[in-house]
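Below are the structure tokens for one structure; questions will follow.
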Amino acid sequence: MPAIDPILDIAGLHTGYGSREAVFDVSLSVGEGEVVTLVGHNGAGKTTTLKAAMGLLAVWAGEIRFLDRRITNSSSAANVRRGLCMLLEDDFVFRDLTVAENLQLAAFTTASDRAAEIRRDVFELLPVLADRRGQRAGTMSGGERRMLSVGMALMSEARMLLLDEPSLGLAPVLVEQVMGLIEQLVAERGLSVLMVEQNVDQALRIADRAYVLRAGRIVVEEDASALRQRSQWWDLF
Amino acid sequence: MIHPATAIHPATADFGPAPQLAFDGLLVGSFYAMLAVSFGIIFSTTRTFHFAHALTFTVGAYAGVVAAEAGLPFWSAVLLGALAAAFFGVASDLLVYRPLRRRQAKQLNIFLASLGFLIAGEAVVQYVFGPNSRPLPSVPVTGVQFGSLATSSLQILIAVVSWLFVLLVAAFLRWSKYGLAIRGVESNAVLADAFGVSRTLIFVLVFFIGSFLAGAGGVLFAARDTATPGMGLEPLLAAFIAVFIGGIGSIAGAAVGGLVLGFAESLGAIVLPGYLTNIVAFVILFLVLVVRPRGLLAPRTT
Amino acid sequence: MAFYVDIVNSALIVAVLGFSLNFLIGYTGLISLAQGAMYGVGAYATAIVATRAGLDLPLTVVLSVAVTAVGYTLIAWPALRVTGEYLILLTLAVQFVLVGVYTSWTSVTGGSGGIAGIPRPTWLTGSEFPSPTDLLPFVLVIFFIGLGLSLWIGHSPFGRTLRAVRENESAAVSIGKNVTYYKVMVFLLAGVLAGLAGAAYAHYLAFVSPVSFSLDQSIFLIAVIVLGGAGNIFGTVLGSFILVGFPQLLLLLELDNQVAGLAQRFAYGLLLVLFMIYRPQGLVPEYLHIPLRRVAPARRRRDVVAGTRRSRNPGPPTGDGDGDHPVVVATELCKSFGGVRPADGLSLSLPRGKITALVGPNGAGKTTVFNLLTGVTSLDAGRVELHGRDVTDLAAWQRTGLGLARTFQDVRIFGGIRVIDNVTTAIPDQPGDRVSSLFGRPWATWRTSVDTTEKALSYLDFVGLADRAGALASTLAFAEQKLLGLARLMATEADVLLLDEPASGVDRQWVDKILELVRELASDGRTVCIVEHNLEIVRALASHAYFMDAGKIVADGTPDELMADPHLASIYFGRSGPPTEDTHAGD
Amino acid sequence: MKRTSRARARLAAAGAALALTATACGGSGGAGGGTETLNMGALFAMTGEGSFYGDVMSKGSQLAVDQVNSGGGAHGYTFELQVEDHRSGQVDAAVSAARKLLNVDGATVLLSSFTAPTVAVQPLAVDQGVLLLNGGGVGSDLVGKENLYNNRMLGAQLLPAMVSWSAERHNAQRVATIFWNDAAGRSDNEAVKQGCQQAGCQVVAEEPHAIGTTDYSAQLARIRSANPDMLVIGSYGNDVGYIIQQARRVGLTVPIIGNEWTPDAAKIAGQAMEGYTAIIDRFDPATSDPEGKAFAQEYERRYGEEPEFYAANYYDLTRFVLPALIKMAGDAGEDPTEPGVLAAEMATAVEQGHEFDTVYGESMTFNQDGTVVKPAAVFEADGQGQITPIATFEDGRIVMPGG
């Protein structure tokens, strides 16, 4: 358990798709300003957990609390307004819209004057987006689209990010850039992060704590640095 | 079918009907463009095979007729018809399609429910308003001539209003916050959801806009012809075909599809006898589906 | 009396027409809005040859059937390319064009006035103006021909495969079915039945005109299918009698015509809406509760496992159990999608009786390799050999026929059909699985059905699902569906099994059972290859593993060897991994 | 075959009549003043696009039935009318409704409308020895059919004279036609050509169109480019209204003539209807003929609208034709409710050139082929939905009053 009060608290979560249960009794929490990573093999239930937290997937059993409010099965729209934002694993931008429109739409729940302010901020932080503001997102490279998705998260005035595989498909240089950006956001803006990441090494590098999921259950909860010190991780997967 | 006409009056030159037919094509194509946009915005966003859009069209037309019969001026009748249709369209989404979506109904089932809704609705319209055609009273119509081209002022008006509505919708989608949200849902509904854009709300919105246009179209149509309970089917089919010719998901495509359809139907009369022109649309649809199933102007290749 | 007999006759004709549409919509999931117009093809064919050429009854029916079958098959050609709403539109277009032809081609069809005075088969009815009762035998004969044909087709292996195609085309391909063939054939059969109904209608009414073949008719027929219950022949009969008979019987109530007519339309429309929302499966479910004939597993479990394996190998004998000889050899496979290269000069071979694993980080291209091996995805370059035979140019369903089959990560069972049928469908070389044998060898078809059921039950028994045989596959728990996938795979009698994540998404109490089954399959001499992310499972199963990254095999060896390699660990977990290209996915 | 079946029907009828007379005599009922019921069935377009027709036809015939019955019946028979719906021309609906009327309700007379349903039920009528009367359908398929009689004048009978007369009147040289693309429309088109030949003018455009079309821009564009000086319509129902409305809107100012007029079409065309002349069955609601006047007044009193000629036609069939046939049957000692009797009497009446009363101010006779000879007239429409007669049709020629 984190020393600080948890901003997100998941207790005894059960969920799945159709009749297929994919997550069994998962409990985890993320503290304010903390980076927590969820690792595990493909199909272990990591993304499923994030989606349930975001309100994109119905919770079968268990409870989810955010900022000390019960948000189990509340709509994603309501969760966005509360300050929760999820960046999807694939299709994480609106490909048919321009960069500027992507950012604008991400600020759907934000007041418009405030949105203009954040947008300046985002363009400052991610100059590549400013240069490409008129470009259709679908025509950008994978790395640029990732940057855009982070920019979109900022536009939604999120206090907490749920990141699903932010490094997927990116060259190592870009992976480090994205991770650096996340670290920066946490350090400068006090964001909290729950991250699913295939690139375990990178994830553990910036995370405070880690959970290992296997076949829909949490098998290990550990300090990120401690986990990183292990000689090998195969037996966890 | 046309007999050589030169024998008796060689002085009156016969340029053939082509220019007039092209002109007619432009006018009717403009109307189709609006109908296509009205259906296209609903279909490409919600993917609902909304056959009962025909009913929305009819409801709008009768609302306009009733308003005009009550003595309201033409423009108020158009507006009232459009509004009535808009609310009707939203109601059909909420009452028919939402329960179906919630039960994850198959495309065929949604389509059939829509058809059923149309059939039942037409019966109600006929019960309330009677089976006979109801003209829209006090429509100002005069003949208009441009050289050898002739049409009525109403036809011109319909074309102008059609483009006005098409441009308004395009501008709304392009520049307004909710227009952007609609495009967002169309592009990536899950992601839009994740950013707090409620799909339910957006669906209601597109049903409102699309039905508004259909209703306005219905009143204009009633002004040109008359209102009858079964009036909606043909315009709806034209809209369907135009959307699929243009390619789903693009307002410009739908509008262009409408124009293409109008021209094709009208110009088809140069080579075909008049009674075959209403098949032209379906032949084109068939060919488009066979040759280029995603539409002539399909915006993306996903 | 004649009034009631007329209702019966009409309903019987509509039922035959409904059977036709039911094969398209109910069995195969192909929506046709052109059924009314195709009915017209049959009716006009009879009307024209009977009035113009003076042909008499059996000949007119035969001709109508032939013409309509050809007509419907012609629609199949464009229809194969489109699905969903596009198919609705395509058939809608056909519907309107055909009705346009009926109304406009006055010299042949009589235009909107239609063709009157179609001669009645006087030798059959004994009168030029027969009453409905006189014609009842004729209509009954047509009906029973249609019903018999439909039941024979519907309950045959062919019909079962149609349902499988409806449920999941890719899975149908994976068990060796040529989906294109089935779609073309079902259109042809639908044409045969529609032609039969059309001919009966023309003779019965002695008058045809375009209004009877309008879009309204098409919609009405879909309503018959859906109300009765799609996929069930008897449901169609029930639907016809209700929808034809009910409005007629309402006539007897002597209601005010205008109001009654409207009320009837209203009720019809509302019924459609309500059925779609609350009972989309119709009155009669696709599977009535018919208890399965319990067949005692004739063979011992081990016999099942060992006895049904096959390797149809027309090439030079490689000798079963010829240990050194790899069964599958893939050489230099290349594939690129846009800028991504999920297979980039990749080679591997699979030995008999062993379990080989493909491991690697997410997105390395493992599932693509399965797709390339089975032929679902076409190769850009490279070669796939099975038992020494080059199968690179063969379609996926053909490769399954040669003994190479797969499962899917997301199971792809045929959810809407019964558990047992999932398995039975996959059994190869059944008489009656194709139209030629269904009609050419009816006796063999009939006789073999018991055998195949028995066989299928023994496969189910093997995976422990025999007592669920009669249930709908979609009602199984996910883990059971995975087991069913295995049983279905075994039923293909393939000896090379590609298992895509056989244990993923399954709770742990099931994992052991699945693993045991997989081991058993391999120990019987099958060639097994798995893709699995759960490394525990890989270690537990595989004797040999290929490590893939970015479309290439970067290493191979035993799982333990691979896991000891720090370089591979860094690829897998990203620990200062090797540089890869930034992928431009959306160009 | 035909002859034998009819003979058989008659024989059966006679036998049955004898039996019935016997029981009637033996029974309690008084012979002379007693009333039997004669069941009539009607197949009208009660719903669908043509329901205007169903509406006025059922009103016309029902009014006649009520008048007959309140007058003590027709020669000992009261009428019972059962109307069924053929949904504006659906043959399946028509045939099953006809079966119901014949077999369940025991109708011995069928009133029918529209061409296709009438043709479709005609074999049934023959089979069951039922008289089939049509006062609305105009298709040439209705001509020469056993047991079927039409009291609506057909285009082929009227249009040649109308065209040649109008061509002369308007000094038209170049005639364009627009007509239903079906048997009725095409036979009208032929009739127009025949009329043109008589008048020495030329047909410069022939435009068939699908029934129920609302947009005629293609046809009208071609007609305009052919530069006619007269337009003849061979279409029916609402289509006439749309054609006239759109022709005027695109600036086609030439005279327009035809052989159909309905209030609904007039409503559609509105002001554009002005000057349209049509040759139709000559029913004038403002007639001075006593029968016609009584009918018009009673109709208007009961339904709140003026009758037009479709209502008049079915009124005539019910009020005058049937009672006359019943009387003939009674005189011959046959029971009109028996199969074949009324049809046989009708055949006899036609053979004898029997003159039936009408509300048209004159009597009508039927031809052997089932067509009618009755008063017809040229009417001119104004822009307010009214028509006034301007000339009459006599012996195949059109005659202006007083000239």
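Should a chain be cited, it is by its letter among A, B, C and D, assigned in written order, with residues numbered from 1 in that chain.
What we mean here is this: contacts are C-beta pairs under 8 Å (C-beta built on N, C-alpha and C of every residue); 3 or more make two chains touch, one makes a residue touch a chain.
These figures come from a predicted structure and were not determined experimentally.
Q: Could you name the chain whose Cα mean is nearest to the mean of all protein Cα atoms here?
A: So the chain nearest the centre of the shown protein is B.
Q: Report the chain whose mean Cα position is at the greatest distance from that of subunit D.
A: A
Q: I'd like to verify one number: the distance from the centre of subunit A to the centre of subunit C, where each centre is the average of its C-alpha atoms, in whole angstrom.
A: 41
Q: With chain centres taken as the means of their Cα atoms, state the distance from subunit B to subunit C in Å.
A: About 37 Å, centre to centre.
Q: Quick check: how many Å separate the C-alpha centres of subunit C and subunit D?
A: Result: the chain centres lie 55 Å from each other.
Q: At least two other chains touched by the same residue of subunit C: list those residues.
A: Touching at least two other chains: 103-104, 258, 262, 265.
Q: Can you tell me which residues of subunit A touch two or more of the remaining chains?
A: 95, 138
Q: Where in subunit B do residues touch at least two different other chains?
A: If we look for residues of subunit B contacting two or more partner chains, we find 126, 131, 273, 275, 278.
Q: In their complex, what parts of subunit C are in touch with subunit D?
A: Per the touch definition, subunit C meets subunit D at residues 1-3, 6-7, 10, 103-104, 106, 110-114, 116-117, 127-132, 205-207, 209, 211-212, 248, 251-252, 254, 257-258, 260-262, 265.
Q: What does subunit C use to touch subunit A in their complex?
A: Subunit C reaches subunit A through residues 361-363, 409, 474-475, 477-478, 481, 501, 504-508, 511, 533-536, 563, 569-570, 573-577, 579-587.
Q: Tell me, which parts of subunit B touch subunit C in their complex?
A: 47, 49, 96, 99-100, 103, 105-113, 115-124, 126-127, 131, 237, 240-241, 244, 273, 275-276, 278-279, 282-283, 285-286, 289-290, 293
Q: Residues of subunit D touching subunit B in their complex?
A: 47-49, 51-52, 55, 173-174, 181, 202-210, 213-219, 221-222, 224-227, 238, 241-242, 248-251, 264, 267-268, 270
Q: Please give the residue numbers of subunit A that touch subunit B in the complex, ascending.
A: Residues of subunit A touching subunit B: 54, 56, 75-81, 85-88, 91-97, 101, 104-106, 108-109, 112, 138, 152, 156.
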